[in-house]
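This structure is in structure tokens; I'll ask about it shortly.
As written, the chains take the letters A, B, C and D, and residue 1 is the first residue of each chain.
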Amino acid sequence: MEINSYSFRVRYAETDQMGVVYHGNYTQYLEMGRVEWLRALGVTYKSMEDNGIILPVISLHINYKKSALYDDLITVVTQLKSKPLVKIEFDYKVYNESKELLATAHTVLAFMDKKTNRPIKCPDYILEKLGD
Amino acid sequence: MEINSYSFRVRYAETDQMGVVYHGNYTQYLEMGRVEWLRALGVTYKSMEDNGIILPVISLHINYKKSALYDDLITVVTQLKSKPLVKIEFDYKVYNESKELLATAHTVLAFMDKKTNRPIKCPDYILEKLGD
Amino acid sequence: MEINSYSFRVRYAETDQMGVVYHGNYTQYLEMGRVEWLRALGVTYKSMEDNGIILPVISLHINYKKSALYDDLITVVTQLKSKPLVKIEFDYKVYNESKELLATAHTVLAFMDKKTNRPIKCPDYILEKLGD
Amino acid sequence: MEINSYSFRVRYAETDQMGVVYHGNYTQYLEMGRVEWLRALGVTYKSMEDNGIILPVISLHINYKKSALYDDLITVVTQLKSKPLVKIEFDYKVYNESKELLATAHTVLAFMDKKTNRPIKCPDYILEKLGD
């Protein structure tokens, strides 16, 4: 299944008084991971929304193994878990610059019609890019 | 001019590794201050938006005097600066539980039509509440 | 097992362009839930940290069922899952004012010595409050 | 005076229900601007903190001219305003990919000893890099 890597630096605002990245901010890291996964496939999430499809997160699971620190260069490795139908599932691994595994994660998102707010199937232009 | 006080606790997520509230999070504190100022006047910002008026911030000024700490009970004192026309201006004072002044701030917001994205006058139902 | 409810309003900053609360911000809601659970027990997390114990999140699971909206009055119901040892587990239910269930969640946190960064047992003063 | 440009994409989490970047999130953009300004000078803010110097923001001023949108490629242009003494001042311009000016800003930060929490002078290693 398709894999994409995306790297960025930890912002000061993302730390908390434990001196590490606040655990909740990983949700933004995962989001950047899957957005860039999609961009690497040739689709932007922005254009999907502009065309009336939204992708809300319906399930989120993160296991924290080691802390991310301020100014760390973080890499999120995003992998599609299975062929998307009405849902799309991703597995993530989050690393620091020393290639230490900081967290693993899994999300499930649902394809939804923006107007009707009802579930729809994964658009064909994504399935085609996935070689379907 | 109308004054309103609003109190809440500092969240852990709002701190940074300096061990104090991240300076950028005061923008949320000010927002709560003016939203509750409006609610005390008998108007909710939510209903304003539902009725097609948005109030984007067009100018923000904050002076930081003393740090806010995790779990501090913060009070934002919000004061209308002048009669609102196409803009509305507020002055703010942010205090901790010991009544120490943590920050002073000033914002200018503009009344805008949500659909046309053009400036409009302050709605009459606000001016009336202000005794105009 | 001990249950606590905590309520607060959705901030504008917490919404995203889907017009609902950004899914990642629920991590802050859960954090407030367990901090207030602890306060209701007679312990503040702040004093725990001041006394050298930190409680990092090591596992987070959220299922999103319905969206939270701007200005909604949210209630987080926090329940201790089992007697805390070196870890402490909570289950959460997040409701809106109409008592609709918005999300369920589960977190595991670890008691750690702030200086040595090593796991420790749940402090006796918490176990005693739990009637142990 | 020294100028540095830094570019990054708007995250979904940074938008609010107006469909644009929440005004408060520009504080993080400015922070990235000055941190990268410093890195371009050959100094990391992280190493400064590790060496006992912190740089809290003591004054913040932002004028918002045009909205930043989700997935926009933002550029922050950061310029040192004057020779740093006990304070350091920056001017910022924030642009989108179409080179539209979204915001201008100004911050004042203070050099502080992390242990004593007292003001100190700008470290010599920064003044030297500035050709002083």
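The criterion applied here is as follows: a contact is a pair of C-beta atoms (placed from the backbone, for glycine too) under 8 Å apart; a residue touches a chain by one contact, two chains touch by 3 or more.
The model shown is predicted, which means the values in this text are computed figures rather than measured ones.
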Q: Tally the contacting C-beta pairs at the A-B interface and at the A-C interface, and name the larger one.
A: A-C
Q) Can you name the chain that lies farthest from subunit A, using the mean of each chain's Cα atoms as its centre? A) B
Q.
I'd like to verify one number: the distance from the centre of subunit A to the centre of subunit C, where each centre is the average of its C-alpha atoms, in whole angstrom.
A. 24
Q) Between subunit B and subunit C, what's the gap in Å when you average each chain's C-alpha atoms? A) 27
**Q.** Averaged-CA centre spacing for the pair subunit B and subunit A, given as whole angstrom
**A.** 33
Q. Multi-chain contacts in subunit D: which residues touch at least two other chains?
A. 12-13, 17-18, 20, 22, 24, 27-28, 31, 49, 70
(Q) For a test of understanding, state which residues of subunit A touch subunit B in their complex under the given definition. (A) 12-13, 15-20, 22, 24, 70
(Q) Could you list, by residue number, the parts of subunit D that touch subunit B in their complex? (A) 17-18, 20, 22-25, 27-28, 31, 49, 54, 56-64, 67
Q. Which of the residues in subunit B come into contact with subunit C in the complex?
A. 8, 11-13, 27-28, 31-32, 35, 44-46, 49, 70-71
